[in-house]
Each structure stands twice: as C-alpha cells, then as structure tokens.
Amino acid sequence: MRPHRPAAPYLMMAPTALLLGVFFFYPVVYAAYRSLYEWDLLTEPRYVGLGNYAHLIRSGELGHALMTTLSFSLVVVTGAMSLGLLLAVALNRPGKFAAFVRGAVFSAYVISWVSVALLWLWVLDADAGVLTASLRALGLPTANWLGDPDVALYTLSAVTIWKIAGYAMVLFLAGLQDVPLVLHEAAALDGASALHRFWHVTWPLLRPTTAFVGTTSLILSFQVFDVVRVMTQGGPVQATTVFVYAIYEQVFLNLRVGRASAQVVIFFFVLLVLTLVQLWLWRRKGAA
Amino acid sequence: MSPAAHPRPLGPGQRRGVGSRAFVTLTLAIVSLLWLLPYAWMVLTSFKTLPEIVTAPAAPLPAGLEWGAYAAVFDAMPVGRYFWNTTVMALGIAAIQIAVALPAAYALAKLDFKGRTLAFGLVVATLLIPAQVRFVPVFATLAEVRLVNTMAALVLPFGVSAFGTFLLRQALLSVPDSLIEAARMDGASEWRIVYGLLPPLLGPTLASFFLFSFVYHWNDYFWPLVMTTDDSVRTLPLGIALLREQGTGVRWHIVMAGNVLLSAPALLVFALAQRHLLRAVTSRAA
Amino acid sequence: MKPSGARSVSRRHFLQGAAALCGAACRRQDEAAGRTVASLWFTYGGRNRQVLERLVARFNTSQSSYFVRAVYQGDYFEGLAKLRTAVAARSGPSFSHVVGEVVPYLFEAQVLEPLDDYPGAGELGILHALGQAGSFLGGSRRPLVALPFNRSTPIAYLNGQIFEQARLAAPTSWDTLREVARRLTVRRGGRVVRHGFGCPIDWWFWVALVGQAGGRIVDAAGRVTLGGDAAVQALELWQDLVQREGSMKPPPGRDYNAWEQTNQDFLAGRTAMIWTSTAFLKYLEENAPFPVVAAPLPKHVERAVPTGGTHWIVLRQAPEHEKRAAWAFLRFMHEPEQVIEWATETGYLPVTEAAIARLERDGYFARHPNAKVALDQLAVAMPWPWSTELFRIQREIVQPRLESAVLSGANAARLIEQARALIEGQSG
C-alpha cells in the first residue's frame, strides 16, 4: 500500500532505527574499536593495535574457550534434540495425562536459568546432594559432579539439556502435527510398521523442523552463561569456562575491557557463521 | 491452535494393546518424575531447618512445615524491592518493545517505501548481535555517561525486539489491506491505525509476545548482573543467586526457599497462560 | 488497547509489587531520616555477615548524625568486580573493604581517599603488622588509604579427637607434615575415606609455602619474581601430597567454593587437618562435633605466613559528607569494644593494641588458646609488595597454574617459568 504521507513509514521506523543504531550496531563498531586498546575503565586507554588478539591466540585462551564451548554445544545439541524428539513422539497423544507431562517438561524452559542452576547445584552437591545420596544407597558409583574437571562440563550440559528439552519437544510437536494424517494412513494401508512409518514418512518431513531445532539449540548453547556463573564459576581448572563466561571474566574480574572487546568481536564472527548455517538450512525448509 | 495443548487423536495403526499402553504410561510417568521431582525436592528442602540440612540433607521429608527459611530470605535481602524492580523492568521492556514494534511492523508489512527490504534485513540482522556480544561495549558506553546501575540501562537496550517485529510483521501480512484502507477513508491517521485499529486484530499474537518477552526478561540474570552494581535496581534473580553465601556452610534451605520465590511467578504465568507462551515459541518455526 | 488477558496478568504483578514496595520503602525512609548516609558494600556471607550487620546497627543506634547502609555484594571476588566497575561507572559506594593485593592498584588509579588528615587518624592505635605500614613493603611511605578490617593469617586446624587417638602433634616442618598426613589417611577398599590433610589450592596458601621455603614473591628491588626455586618447591609439595601420596584432598571448585568445601570436609571428619584462614575459627569451633585445635603453619627453611583478609577503603569519588560519615564509622570500628567483638565473634585478628591488651588482661587468650595462634604468627608475617600488578598476577597468571599443576599433575617448574615469563612480558 502507498503510505498516507511519504514521510510516514520513515517516522514509523524511526524508533526502531534509533534503538537499533544505539544499542546494536554502534556497540559492534565500538567493540571493534576498543579491541585495539588496553583499558581498565579506571585509567586512560592505551593503543595496542592487534596486541589483544595476538595475546588471546598465543596464550591459548581463545582456543580453550572455543573448544570448551564446542564440546559443550555438541553434547547439548545432540542431547536436547534426541530427547526433544523422543518426548514429542511419545507425548503426541491426546488426554490430560499427556498434556500434564508436556507441561511439566516445558515448565523447565519457562523458569529462569538461575532457578535451574540453584536447584541442580543443590541436587548435585557432592556431599549433601540427593543424587549422590540416592546413588550411594543403591550401591552405584558416584562422581564429583561439579568438582571433577573431567565431569563438570558434562554435568552442566546435562542441566542445560534438562532445561531446553521442553523447547525442542514443543517445536517437534509442531512439526509432527504438520505431517498430514493422510500420509500415515496410506503407509499403514501399505502394511508399514510404526517404526518404518516414522523413518520413511515422518522423519523426512520433520527435517526442516529438525534443522531449525538443531541450529537454535546450537546458538542457545553458545550463549550459555548463567549456569556456569552460578554453578561452577568457570572452574574447576577452567573446565567450564565457555566463551561468554570468558568474556565476562575478562571485563569484570580482570578489568581488561580492550581484550574483552577483542573476544566479543571474535564471538560475533563465530555466531555469524553459525547463524548463516541456520539461515541456509532454514531456506531449504520451503522446499518441502 | 497450539499444537502442544491439543494434539491429534490417535491415527490408524496407532491402537495399542494393554501391555504396550502400560509400558507407555510407565515411561511417561518416569519422564514427568524427572521433571517434577526436582521441583518437589526444592520445595521440600525449603521447609527444613538448618540442623536437618546439616545432619540429614537427603532425608525425603522435612520434620515439619517450617517457614523459617522463607523468613530468612526476607531478612537477607529486600525481596519486595527486588520483586518490584524486576517487574517494572520486565513490564517496561515488553511494553516498549510492543510500542516500537507495532509501527515498524506496520511499515514493513503494509507500506511501500524505499529501503523497505534493507530495513527489514537490518532488523533481522540484529539477531546476530545478542546480548552476550553487546554487553561489553554497551556497558563501557553507559559507564562513561553514568547510566550504569539505572533502570534505563536495564530497559532501553532491549527496546527493540527483532523477534517481536518479525512476529508482528508476519501477523500483519495476513491482515487484509481493505481494512486499513477503510479506516483511512474514515479519516484515521496512520498512528491511529497503528495503535488503535491493529492491536485488537493482532490480539493473540500481541498477548503471546508480551507474555513471552515479560517472562524472558523477568528471568534474565545476565544483563542485570552486568548493568547493576548495588541493590537499588537489583533484580530478583541476582538477589536469589547471592543467597549462596560461601565459606561458613551454604544454608540450602534458605537458598531453596529463595528459589521457590524466584520460580513461582514464571510458573504462575505458565500455568495461567500456557497457550500464549507456547504459541510464541512455536510461531518461530512457522 | 491491549488484549485483556495480558493486561490482567500484568496488573496482578503490578499490585503485588506495589504492595511489597510500599512496605520496603516506608521502612527505609524512617531509618535514615535526617542523617548523613554512607553506603558500605561488604562481601561477607553467613555468620560473619551477621556480626558485621550487628555492629553496623549498633553504630546507627549509638548516634544520630550518621547512618551507614550496608549492602551485601557477594564474595570477595564478585564484590571486588562490582566495586571496580561501579567506580569506573561513577556509581560506587562511600566505602568498602578490599583484599590487600588490590590496594596498590586502586591507589595508583586514584580511586582511594587519603585518610591521614581525618580527625583522629593518627591515634587509632593499629597493630603495626596489620596496618598499611606493616602489611605492605613501603606502605608507610604512601598516604594512608587502607585501615585494617578483618585481618587474618592462614593457620592449621586439627581434628582434636583424631590427633589424640593417633597420639600425634601438630606438624612443625614439611617432613612431619607429610608424615602426619600419611599416617592419618585412611583407606577402605581402595578408596580414601579420610584424608590426612586438606587445603584450598589457592594463591594465599601457596605464598605461605613459598615463604616457608625461603622465597619471597617480590625481590629486593620490588619486582614480582615469584620467589625463585622456592615457588617450585611449594607447588611440588602439594603435588606430592595430592598425586603421589594421596594424603591431601584436592578440594573442588573455584575461589570460595574450594574454601567452603575444605571447611565442610573438616567438620564432617573427612579430613583430619586443614589449612584455612583464622577467620573460620569460631565457625569451625562451634560446628565441629570434636575439639578443634588450632596450630601455626610448619616451617621448612623458615616460618612464614602472608596476611590476608581485607582493609577498609574510602572512595575518593564519594561526596564529602558521605566520606565524613564513613570515617565516623571507621573510628567506631577501631574502638576496643568493636574490635574485640569482631575478633572474638569471628576469629579474625584484633587489629588494635588497646584491644589486644584488654583481651590479655581479661584472660581471653588463656581461655581460648586457639585465638592466640594467628596472633603469634604475626611475628613471622610477610608483607605484600606495593605492586599495582599483584592482583592481576594472582588471578590471571598464578592461580590458574596452581590449580592446573595440582589437579592435573603438570610440571611445576615449567609452569612457574611460564608464569615468570608472562610477568616479565607484562611489565614491558
């Protein structure tokens, strides 16, 4: 439609443009600028060129943060997707009970990360937590869930999966609903078993949903911060120092705003790559 | 219709025998326990006393219904103030997001203007710039203009929601042009149309988005952690997280009581408005 | 004209919040009416927090010109982070307390208010070893910016029952430490059910070990060199005890998680002997189901301990009237009654001569020999260097390497060398 007055659309976009400019685009530029300096917020900034980037690479900090985040993400994405799909298939049925279970699973997604983190911090406490106590009572082996450097990251992954499985489940449910009943009926008439039907009818049609769930979980897992901060503070021995936590520490504990800005720039590019992958996969959705 | 609330009835070939149904029920029961037991444990712990926590932390039931832990939470921090701050912040964000997204979505969906595709592209592009990327420069900038630790620092950076703009634009695309043209002929100004005519038409979408945004920002820990320093605008998630006082024995019953207080509002909204929240979540996939 | 469903939910929240706020706001107004208010950010939790809040309340009720509003900010590290960013954002408190390692940095960054000219600054009667002059090399050459608050040294805590049964005494050398730890470690079915020794893998205790091995973190010229060979020996002692002997429990977690875990292990009888701050003396004594015996740290080449805890600092950027109120509170806190209450209720050291004299007169130390241990150790306390890089070195360079060395058995000498190289690189 043609606007009432030629200026109208621009005025309508103005608040959005202003806020985006100030709080989204300018910060990216500013971060790139600051990344060339060393600054502790209290004294004058000092120009260091690419020194921050060099240090991040040389000291292994960047590599470590990337590896930790990637390992974490891998476990979270596969776990959340598998669990979400399983739950969606199992709970794709009418009735109050199924609705109740769906609600219970999704509720974890609705409460705050802090709630989830504190809750599991208590359950997983190596000495007083109920998980350890239960396992001991059953004679099963226990571990120091949050204090063992080899285990801690997986523990955090499990907690994250617990929180977001409901989200994956809901998206898969929506995807499952989109599979036309007719196709199921046709396959059943052809004598196909439930598993066969799933694999050959449902799964291909679920692919766009799967791609969407996969990439959103991936990006979500890359942005994780709260569980790390509340449960392990990046430890033990930096086993759980994921990217965002590393940036946070750099600013607030080390007071190195320049170096943190460099990390932010790198993180932005990492997310860019991930999102482009998402967009590319998303575009294929229309083809179905 | 929200899929998770109203799934289809069983299709052909999906009838099961009694044994298989019992198995499925059992599996579902275990699943719901996996998600409900932690909450139950949280609540049960909040009714214990310190001696119980120290001597028998894994005891299933508290000795009695002790409210001491809750009282201790109120003693340890100004819960009311934190609650207020959090609610004001979340309300402010959701309200501003809608107020800003409505005209933008209208322009992007309904009005032809030069640069429309670019504008839409830029809005969507901001999904590439999450809070975890913006926080360092925004913090440094706000620090220089002395706006750190203010409600503005908590609300304004979230004034635009790309997701919300996208959602509203999507919904507006299916609103027939004729409705708007009719309103124009009645003499309505564009702003009248945006804030008067469209909201009722977009009711469910607006409700979903408002609730989703409200809950999301109510629960936010990261941004308030970065942007606040003292407890004047501190939000509830931060306050409750501070209950883990280290060194002389974590008082878990108090931490859990705080956690109950923290989780309750989100769970309440969820219980009352599940449909709306689910719609907001699944519409992204649509 | 928003849909009514959304409105009614938000209206409910609004009313709830409004009601809660009125309650909170009304109370707040009454307390500070008409007085000069100073804001204090503190970083204690648990028991020590209660003692501090009690003292703040006593100050507020004992006079009517000033009012101190105390805000809890998390643990030392979190609180320090908030303080520094708040100062940078010019939204900081009137005063606070910080660990010694960060005082020189804050001073050089012009964040701290010099206190020499405040009324009565010279007559506080502070114990030399605990004040700025004694805690820092060259501390007396700088303006007074830090007053001792909760000061401590690391000490050893022994499970009295276990030691008596085993007829062992507190170890006085590294060799006897190894011996005792080995003897008191109990294994059952291949698993260690009780460790002989426990200690947070923390910079502070490592500095103690370095001192005991004859090294000093800073050399004669004032450069931070980490103590040469002594640094490696210190780290290797821990590695020995944890990895080879299995007699020392490596506590998990970072920062204060590790300290918390050490305390809990001790109280639960899972560790027979621990090193931790004298600050936990009262807490441990009250919560242990066995007699707690405090002992000084052992010697290797010599006896040495660092001091710890925090110092009061006043922020330069605070308005004048707030600084005056803060100063009034600080004088109050240095009066013998308050010093004694703080020290005896927590386990931190009494910081003024007058307080110590009074405690001796009252026979307090005779009744509580544990409390004297840390005080006596002050005779071998090592001052900190006045170095602006110290806290960065601690946090970024040394601490991660300590953890990594002990928990994963990496080569100690190489790690220390790495650390030294990084420090040299930084001072360029």
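We call the chains A, B and C, going by the order they appear; numbering starts again at 1 in every chain.
Keep in mind that, in the parts below, contacts are C-beta pairs under 8 Å (C-beta built on N, C-alpha and C of every residue); 3 or more make two chains touch, one makes a residue touch a chain.
All values reported here derive from a predicted model rather than from experimental measurement.
Colleague: What topology does the chain contact graph adopt: line, ring, star, complete, or other?
Modeller: complete
Colleague: If I count C-beta pairs in contact for every pair of chains, which pair wins?
Modeller: A-B
Colleague: Taking the mean of the CA coordinates per chain, how far is chain A from chain B in Å?
Modeller: Whole-Å distance between the two chain centres: 16.
Colleague: Could you give the separation in Å between the centres of chain A and chain C, each centre being the mean of its C-alpha atoms?
Modeller: Between these chains, centre-to-centre, one finds 36 Å.
Colleague: Could you grab the centroid distance between chain B and chain C? Build each centroid from C-alpha atoms only and quote it in angstrom.
Modeller: 38
Colleague: Mark out which residues of chain B touch at least two other chains, giving numbers and ranges.
Modeller: 139, 143, 269
Colleague: Two-or-more-chain contact residues of chain A, please, as numbers and ranges.
Modeller: Each of 41, 127, 251-252 in chain A touches at least two other chains.
Colleague: So which bits of chain C are touching at least two other chains?
Modeller: Counting only residues that touch two or more other chains, chain C contributes 82, 85, 88-89, 257, 264.
Colleague: Spell out the residues on chain A that touch chain B in their complex, using ranges where they run on.
Modeller: By the definition above, chain A touches chain B via 1-6, 8-13, 15-17, 19-20, 23-28, 30-31, 34, 39, 41, 87, 90-94, 97-115, 117-123, 125, 127-130, 133-134, 162, 166-167, 169-171, 173-177, 181, 184-185, 188-189, 194, 197, 209, 212, 216, 223, 225-226, 229-230, 244, 247-248, 251-252, 257, 260-261, 264, 267-268, 271-272, 275.
Colleague: For chain A, which residues are in contact with chain C within the complex?
Modeller: Residue positions touching the partner: 40-43, 126-127, 144, 146-149, 232-238, 251-255.
Colleague: Along chain B, where are the residues that touch chain C in the complex?
Modeller: Those in contact with chain C are residues 54, 76-81, 83-84, 87-88, 91, 98, 139, 142-143, 146, 148-149, 195-196, 199-200, 203-204, 206-207, 210-211, 214, 229-231, 242, 245-251, 265, 269, 272-273, 276.
Colleague: Touching residues of chain C toward chain A in the complex: what are they?
Modeller: 77, 80-82, 84-85, 87-89, 109-111, 251-255, 257, 261, 264, 268, 392, 395-396, 400, 403-404, 407-408
Colleague: Please output the residues of chain C touching chain B within their complex, sorted ascending.
Modeller: Residue positions touching the partner: 1-3, 5-6, 9-10, 13-14, 16-21, 23-25, 39, 41, 44-49, 71-75, 82-83, 85-86, 88-93, 256-257, 259-260, 263-264, 279-280, 283, 287.
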